[in-house]
Amino acid sequence: MKLYEYMAKEIFRKHGIPVPEGYVIENPEEIKPVHGEVVLKSQVLVGGRGKAGGIKFASSTEEARKIASELLGMDIKGYKVKKLLIEPKIEIQKEYYLSFIVDRSSREAMLIASAEGGVEIESVPDEKLFKRTINPLIGIQPNVIRALSYKLGLNKEQMKDITKIVYGLWSVFTQEDADLAEINPLVLTPDGFMAADAKLIINDDSLFRHADMEKVEEEYTPLERKARERGIAFVQLDGNIGVIANGAGLTMATLDVLSLHGGKAGTFLDLGGTDDPEKVKQAFEIIGEAPIDVVFLNIFGGITKCDTVAKGVVDAIKEKPLKVPIVARIKGVNEEEGKEILRKEGIGAFSTLEDAVKEAVKLAGGA
Amino acid sequence: MKLYEYMAKEIFRKHGIPVPEGYVIENPEEIKPVHGEVVLKSQVLVGGRGKAGGIKFASSTEEARKIASELLGMDIKGYKVKKLLIEPKIEIQKEYYLSFIVDRSSREAMLIASAEGGVEIESVPDEKLFKRTINPLIGIQPNVIRALSYKLGLNKEQMKDITKIVYGLWSVFTQEDADLAEINPLVLTPDGFMAADAKLIINDDSLFRHADMEKVEEEYTPLERKARERGIAFVQLDGNIGVIANGAGLTMATLDVLSLHGGKAGTFLDLGGTDDPEKVKQAFEIIGEAPIDVVFLNIFGGITKCDTVAKGVVDAIKEKPLKVPIVARIKGVNEEEGKEILRKEGIGAFSTLEDAVKEAVKLAGGA
Amino acid sequence: MAILVDKNTKVLVQGITGHQGRYHTMAMKEFGTNVVAGVTPGKGGQKVEGVPVFNTVQEAVNETGANTSIVFVPAPFTMDAVLESIDAGIKLVVTITEHVPVHDAMKMISYAKMKGSRIIGPNCPGLASPGKAKVGILPNLIFKEGNVGVVSRSGTLTYEIVNSLTEAGIGQSTTVGIGGDPVIGSNFIEILDLFEKDPETEKIVMVGEIGGTAEEEAAEFIKEHVSKPVYAYIAGRTAPPGKRMGHAGAIVTRGRGTAESKIRALESAGVKVARIPTEIADMIKRD
Amino acid sequence: MAILVDKNTKVLVQGITGHQGRYHTMAMKEFGTNVVAGVTPGKGGQKVEGVPVFNTVQEAVNETGANTSIVFVPAPFTMDAVLESIDAGIKLVVTITEHVPVHDAMKMISYAKMKGSRIIGPNCPGLASPGKAKVGILPNLIFKEGNVGVVSRSGTLTYEIVNSLTEAGIGQSTTVGIGGDPVIGSNFIEILDLFEKDPETEKIVMVGEIGGTAEEEAAEFIKEHVSKPVYAYIAGRTAPPGKRMGHAGAIVTRGRGTAESKIRALESAGVKVARIPTEIADMIKRD
């Protein structure tokens, strides 16, 4: 779960990381009197908002209100700005970069830091980055922070200051079960280091341990939201073939084979390992609402039996008929029974993925 | 550093372990009005005080004062009672045992528990004990407490209750850098589990991390205390040969060889790896005050050079002559020079340990 | 031979009294697996499918000599269950449970390494050595004893590929579903290494997916350490893009992680990469 | 051969700019040891006894290929120094420092195990393979190249025994001072195992002390796994009794830990136990 900047900063502050003293508004009237200069930051879950014009500065209350009314409601890369974070402008001497991420290769955390922070961080070459895996059982140790400080060219005072921040960010990362905890830029100000921005992604599987954390809804299409509410893995795509398969890998493979034959998927719907008729029915309800020209069902029966799934499909379309044809590829345990059940309802049922795909692409209007 | 029961209980309480609400007195007048029954517990650093009469019960203020004046100043196995811990008498339904200790074999912590706590715990056979090593990096886990609860025959309520105590004791053990954290007996009362006694030994090498912890002076002879203040490892024994050697192992070996030849050591003084003349001088000052008939010096010169030590010895006895003869065994780097320096001062200097020991035993009055 | 599980495997089922545990205990026994014990705290003394249930893993190990465990307990309690098995001396812990918190996964994998145990998963279908033993939830009927080792990040897609191998008359030594989570106990490299050293395994099939850089790292490993022929399929050439993990994600991945990057890396390591899943069987047959 | 340190050992000295670090860098070099680097944070760029000093272990390893480290840093910082070496891929970390907090010792030993490194010590004199390398503070002059492996918990007493071997014309393959602390990285069993497997080592000398049960456990191990003749000396038959560690200490020890218990266990494992330290040389000569 990706958090908004203002939420991440609140959590960072709780773990002892200095962040600017800001506040959040949802409409321009909430702007407090401006003394000095302030920055108005659009709260969206997508990167590059600065370049998209989502971050502005103001020197007076009036100006701030005006800018706020421009920013609120603005569209940034498909995300609508609903909240602004208002902060005093910071005096930046230099921008650094600091993050912890779950590292798949080492199966440990990875600490990344750089003396060249900011928007261009991804193009900083590896030899200018400090990268070190941190074992989750031993945690962060003084020698790592020393090495980081040498690499970043920090003086003694700065080293002492960044030590607190690295421990704080480690605390955020581990205590809050983060996939990612990132400060970019970490800015050096006359008062020491401060997190000018904050990115925090909480591990979805760990949310049960953070019941008091405010939930952030990602941006979904109405149909995707409906699917999610029913616990179905569903993504809307731009093609016209509605793909349903069981298992994420198999669903991806189905998309690939469709594409090889000139077809284009309009949905990615993974039934998972279930043959629960209720789930099958819900899947067909969802896909029935998608703007597609044909439904392509790809089932490999293993633990899930082909005939059970077929029965579920038949029940679903009997209750709520689809407006588009179905092509099915049925393979595995009780495959013949499954195909028979579908064929009785006039559904084309094939054994090989390629045969079925060709039929679906044909029905969808050809390659 | 072994803590007094009352200090250990205060720390246990801080870590969430229920302990009786008590207070400490140093003289009988400090007894508070007694309602119900109280227990008066002598605060000494030695076990078996109960059997030695150091724990008494009282039902009235007057009785409590009388008992307090009997206990205070009493001698328990050589330890003088200076403080009493006064606690309300607990209603004990059953006595258990619970501890964490540093386990040398596994190089992890060991959790020990038993449903048969109390003074006889050491005779409880292994198959009635719950023993489990706990890795310091992963810490105590729920499955361990479940296994403990099954072994101790606890019901669900008791299991929930002991979980808190096991976590608390683990927290004491790790956060306070303990060699040992022990609750014996851990008593079951109508209100749940409670630590009726508390034993806590803080790792001496970790005391620098616990600067705010009240220091407990162990019982030393005045001479031992003097040695400790000078950083010299010194123990007073009952024989009449004052042993000085360099290195704990070598000092022990010296005692063993003395004993083989019928001698008896009166001191155990380990110079350590030093040839610092000041340290040698201090060592001779200490040993000069011990009630011995001969000083036996056993030096193996390695990093420490024999002649340097010999010079230190000569300087020391020139500044403050000893009343008893010295026998030296000098071996290793610059051995001949060392022996020569000592012989010039009339000190018998040998190369083999056995020759030297025989001479020392002879001078000490024979086997 | 085969790798990791065979006729000497004595399986302990953690969470045996749950729906999944019970069902797959039966399925594993049908496969011919020696399931010797189950564990569900508080349910010791019961029997499930004829298998004795214990309160603790230690007790189960003491009583039955179990040497392999399969974990079906719910995600919030999975780490504790895995640690319990490791502490009881179990050397192979197959973790089926999905949605295990990623920090729990990292911790239990580090702990396993310290104690010399191996974790497969979490979020994996387990593994099967046809004719010997299955410790997992893979369907029984798709397998055939033989000399092809299969290692995969995916579930159903693996079944599909194994089934097509079997239909083509190509048997398998062992099929290992390593799991689809970002952090898993055994990765491609570790399983490839076991297959390379297993005298019974002659060819290796590797099924990957987009995301992460495990396939690219496996390709590096294959180039240097694997002499047996490797066939691969990578799913997700046309899949919707995954979640972006800040700048750090991009720094760690450095342009790898796409199907193209994976296929390129594998091909340059001499791996034959199939364009559709069932093509693997054809390729092996042809060789 | 020899064990653990030899001509391929490239030593890194942690805390090289301190008094002890500096002195023993010189002494190790005089012994013929290849000391390639030193580390003291903030003193990178200096040289000590001709050895380049770095700020971090990683940097030192990258620049010099150091593969073994010796730690002289003060006790409060020892764990961090040891962890730094382990993380930099150093496989043998010899920890001389005494008074290391026991919980730090437990943690760093667990971590070393996870990462596949070996710790000797803490509070140990280190180890020496005469004619090859010394990584420690043992005096240079007492050694002679040969075929007796020496393993000991003690410092000076070891020098005494090694010296008596050398004077008797009996050379040593490697002498390992495992350290006198309750919790140490490598114990008797682990070193005995290495000596048993080392073709150059023909006989083994073991020097123990009262306290703990390491000697009793070593005796069990010798009975089952050591075919080479073992000679032992146990110090402390008449030593003042140690500190009592509550009831738990007694439960863990169960009557073991005394010199008598240790000598009995060793003798029943076929070990020849000397009554005085120098007797070992006589016993070996006689055999």
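Note that the chains are named A, B, C and D in the order they appear, and that numbering of residues resets to 1 at the start of each chain.
Here is the rule we go by: a residue touches a chain if its C-beta (ideal position, glycine included) is under 8 Å from a C-beta of that chain, and two chains touch if they have at least 3 such contacts.
Just so you know, these numbers come straight off a predicted model, no measurement behind them.
A.B. asks: Measuring between Cα centroids, which chain is at the maximum distance from subunit A?
C.D. replies: B
A.B. asks: Distance between subunit A and subunit D based on Cα centroids, please, to the nearest Å.
C.D. replies: A distance of 52 Å separates the two centres.
A.B. asks: Taking each chain's centre as the mean position of its Cα atoms, how many Å separate subunit A from subunit C?
C.D. replies: 26
A.B. asks: Residues of subunit B touching 2+ other chains?
C.D. replies: Residues 135, 137-138.
A.B. asks: Would you give the residues of subunit C that are in contact with at least 2 other chains, written as numbers and ranges?
C.D. replies: 107, 110-111, 114
A.B. asks: Line, ring, star, complete or other: which describes how these chains touch one another?
C.D. replies: complete
A.B. asks: Taking the complex as given, what residues does subunit C use to touch subunit A?
C.D. replies: 27, 75-76, 99-107, 109-111, 114, 137-139, 141-142, 152-160, 163, 180, 182-185, 207, 209-210, 212-214, 217, 233, 235-240, 243-252, 254, 259, 275-278
A.B. asks: What residues of subunit B sit close enough to touch subunit A in their complex?
C.D. replies: 137-138
A.B. asks: Quick check: in the complex, which residue numbers of subunit A touch subunit C?
C.D. replies: It is residues 2, 47, 97, 99-105, 107-110, 112, 121-122, 126, 129, 131, 135-137, 174, 177, 179-180, 182, 184, 199, 201, 203-206, 208-209, 235, 237, 245-250, 252-253, 255-260, 265, 268, 273, 300-303, 331-333, 352-354 of subunit A that touch subunit C.
A.B. asks: Which bits of subunit C are touching subunit B when the two form their complex?
C.D. replies: It comes out as residues 41, 44, 55-59, 77, 80-81, 83-84, 87, 107, 110-111, 114-115.
A.B. asks: Using the touch definition up top, name the residues of subunit C that touch subunit D in the complex.
C.D. replies: 110, 113-114
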